[in-house]
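These notes are about the structure you will find just below.
Which chain is which? They are A, B, C and D, in the order written, and residues in each are numbered from 1.
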Amino acid sequence: MSTMKKLVNDPLKVADELLDGLVEAYDGQCERVGTRSIVKRVIPDGKVALLVGGGSGHEPIYHGLVGRNLADGAACGDIFAAPSPDIVLEATEAVHKGEGVLYLYGNYAGDVMNFDMGAELAEEDGIDVRTVLIWDDVCSAPPTEKHNRRGIAGLVPIVKLAGAASQQAASLDELEATARKAVLQTRSVGVSMAPGSIPATGKPTFDIEEGKIGLGMGIHGEPGVEEIPMTTADELTPKMLELIFADFEEDDEVEALSAGDEVVFLVNSLGATTMMECLICLRKAKQILTEKGIVVHDTIVGPLVTCQEMAGISFSVTRLDDELKRLWQMPCESVCYSKMEG
Amino acid sequence: MKNCLTAEQVGEMLLLVADRIIAAEPELTDADRNLGDGDHGLGMQRGLMAVKDKLAGAELDSIDKVFGAAGMAMISSMGGASGAIFGTVFRAGGKAVAGAETFGSPELATFLQAAVDGVMQRGGAKPGDKTMIDALHPAAQKAAQSTGDSLGDALTAAAEAAAAGRDASCDMIATMGRAKTLRERSLGHPDAGACSVAIILAAMRDYVAS
Amino acid sequence: MSTMKKLVNDPLKVADELLDGLVEAYDGQCERVGTRSIVKRVIPDGKVALLVGGGSGHEPIYHGLVGRNLADGAACGDIFAAPSPDIVLEATEAVHKGEGVLYLYGNYAGDVMNFDMGAELAEEDGIDVRTVLIWDDVCSAPPTEKHNRRGIAGLVPIVKLAGAASQQAASLDELEATARKAVLQTRSVGVSMAPGSIPATGKPTFDIEEGKIGLGMGIHGEPGVEEIPMTTADELTPKMLELIFADFEEDDEVEALSAGDEVVFLVNSLGATTMMECLICLRKAKQILTEKGIVVHDTIVGPLVTCQEMAGISFSVTRLDDELKRLWQMPCESVCYSKMEG
Amino acid sequence: MKNCLTAEQVGEMLLLVADRIIAAEPELTDADRNLGDGDHGLGMQRGLMAVKDKLAGAELDSIDKVFGAAGMAMISSMGGASGAIFGTVFRAGGKAVAGAETFGSPELATFLQAAVDGVMQRGGAKPGDKTMIDALHPAAQKAAQSTGDSLGDALTAAAEAAAAGRDASCDMIATMGRAKTLRERSLGHPDAGACSVAIILAAMRDYVAS
């Protein structure tokens, strides 16, 4: 197993060193700010700012989603740890161009507490801050408690849409409303086959029985809602999609997914799961979506939201209305995700 | 056996707390592996190393400043849930004993109660949610009943209550934080943060007893 | 280790099923042709065609490089096996629009023999075929025998450049010349820490001692030129770059890399190596390149050329002249690699 | 003991070859793991299953058609180096015996020599490069010296030479194909394709002897 053989230097400095590398990957588009934030070099005055962030160790997110028509900056924590309030404040001040800042990040206790403390400090400096939490993991709480859910891979389409919206938003209210809609229309289900390892200790983030799959496993390796026997791509794929369909159905706040709906579909690898496996699952998933008459407007496949070399996969569905579709079609570019117009 | 601590002694006490937590990194990390993402010990280690640096450097002439400096050092260096939570323990607790010349059993009670209130306000968890509150809250209650006793006796009682609370957290079903998706399967494991609280209070007790 | 837990169906059908999934990932841009080829739906008449291809199991390449301003089609073999001549012929006929077809693929015995046989069949049908081999792996032969080298991750910038050139090329000669230049100016060095596994057998593609790194390891897990003790990112990175610098220096056909040269720099993960590690290595590599006065025009980081869940990393340097720089700046989009204009 | 094979018998012989290669998949795959990418057995298995289907289906009334059909089936189904190489063995070898009514020791010699020439032309390797040629070429030489003997004796000699060639390949330094970067470290392992050649000729021998 490769866990013991990571190409790093001081295991306690990986979060800082990877961020230095990330800045280089942006070829001058972004710069490092304060303790551990990455921010676009050029943010037009009067732009409503979009700030993302979270723990490190899940690259290419979150900090890889800063870019053209994407986020203006990211506040980065240590490995699997939310950024401290000081870091959030430094990032907030750096992206703020007079029209306020939207915080858009995954719903984890640590992130909420630290971003909230950062927001309190920013507001003392007279910066208008709003927060939209990402809670797309349907396996982490029932629809009635969906605001307690974790944020997983669905954050990629959500940040893509919010980033596009932030280019045009007339006000922080407007951006907040669009981001909330993107979150409401995005649902994900993940599974895991094997743990990643924590760089500092080399220890696996969790244990799972050989031959078992953790259904609903979180991207930090939080145990899933159920352990099921290892199975085939064609057996597992419908199980996962069913959970997504059921959630759209049971949640009163959204319509059930139905024929004619247009969606963005993301097949995410948690790290060690090969593109080959993702594509084999996608093949089956597309058959099922097509049978239901659901129109996939755009498909994304790859290791975008990872947990080190964790083996696992997730599906995310984002339903597009006319506004979201128009935003989706805007080009974007970042280390995590890029697309051309259309 | 010390009965009332000066600001300087409070600083010494926190250094012992720091060394104990740093030494416990592996066990705290393992506790978090069972229910969380396996990094609690690493975060606490980071935070309490920062506390040691901060206390070494600074000229801290009052008790609340010592606690406040420790709390800020944890918040800034740790991040994560525990950075906010444990930083708040020392910041909120410290604020509550502002003005006190010495740290005795009445101040301990004030400190712990303010810490519980601060943490509950910050994170929204209540006793029984299987968080560090389930060790901190019983400790605060015991301290409230021990304001007539010596600081040593009060801390002995509080540390005992914290350890009992940590053990009791095994039988709780997580409803907050990372562990909440485990539901029933979170039974049988203590909460990682509760383990830290027990270590912290035991270290305070031992410092005072020494 | 995740190798025993792959999400597939029939292990002997993975190459076909992943290709079906890949077609879905293209959202209608590409279609499956013949036995196992993927081809763009719309290729303008009179366009000089670009065909890539090779064995499967290295996703997102090769077949993921079909796309906008990239390849017109790919001939796909089974796992780690070159496509058969029939497949090459089917792909050739599908992409041919009257102006001939350039074959651009990695230099492996199996690929050369099969593409050559395919070319012979295509020429019997009166299709003008040219072949440019990719041989960027400097560890696989000395500069004097560089045409015997293997093709590794450098194929990504090479195909990106050739794909851009193919949009404008007035003739097959012109495209061939540009592709040859891109190959000549591209050099790579790879290392490996742990093997991937063969889907059909679950067996590792090779064995490597715990605590050792295979320097010069091929993307099929072919053993490297040397095994060195596991080390840190900052120790290994200069070693790898030095081999690339030395090769530009020793090869009479190219200038040594020198201050002011503009390059594209690719840090590729072979699969299980995390983006975190790639970025930490990039950080050091950029320091070294900058010290030499080499200007990195664009940086690419990620698992683009993989060998299942193999742990390893490679660096590729492509030197740009004015023509190549102009071509690089064209936008492109595919499952493997996308960028906006600029 | 058969001395001259009809087209039908050549087909039966190839079915035995197929079963032997398919059975040897694990050992051939392992051989390729040492020097290559660990898939030689899988490719050969794929190819010879295709050969079985092809021969089962088709009406093949001449020797060259039987070999040719087998060669084409391997080329189309296998891909990889071995698809081209081993497909060429049967296609080129088969072409060379076109017109022959029966397959005896003279045809064997013609077949193997044409196979060697075809493979060398296709892949550019020479004897000594540590490829399947190092088993095929000695077999062809022995067969050329055995045109006066019975087919059984000729095949026994050729199979022996192929096995010796496979063993000799252990002492060769790879200069072609995936193994070439190993240089000296390719010593001590036989070439995977050479192992296949030895199995193929042994199967042909055993069929004729039966």
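The working rule: contacts are C-beta pairs under 8 Å (C-beta built on N, C-alpha and C of every residue); 3 or more make two chains touch, one makes a residue touch a chain.
Note that the structure is predicted; figures quoted are calculated from it, not measured.
Between subunit B and subunit C, the least number of touching-chain steps is 2.
Both subunit A and subunit B are touched by no common chain. With centres computed as the average of Cα coordinates, no chain lies farther from subunit D than B. Note on chain placement: the centre of subunit A and the centre of subunit C lie 28 Å apart, centres being C-alpha means.
Each chain gets one centre point, the mean of its Cα atoms, and the points for subunit B and subunit D are 75 Å apart. Rounded to whole angstrom units, the spacing between the C-alpha centres of subunit C and subunit D is 32.
With each centre defined as the average position of its C-alpha atoms, the distance from subunit A to subunit D rounds to 54 Å.
Shared interface positions of subunit C, defined as residues touching 2 or more other chains, are absent.
Touching two or more other chains at once is no residue of subunit D.
Contact topology of the protein chains: linear, an open path with no closing contact. Touching pairs of chains, sorted by label, consist of A-B, A-C, C-D. For subunit B in complex with subunit A, the touching residues are 29, 33, 35-39, 42-43, 46, 75-85, 122-123, 176-183, 185. Chain contact summary for the complex, subunit C toward subunit D: residues 12, 35, 55, 77-87, 108-110, 113-114, 117, 139-141, 148, 150, 198, 200-201, 203-207, 216, 218, 220-225.
Those residues of subunit C lying in contact with subunit A across their complex are 1-2, 4-9, 14, 17-22, 24-27, 56-57, 59-60, 64, 68, 193-194, 199, 210-211, 213, 230, 232-234, 236, 271-283, 286, 296-299, 301-303, 306, 308-309, 311, 313, 331-333, 335, 338-340.
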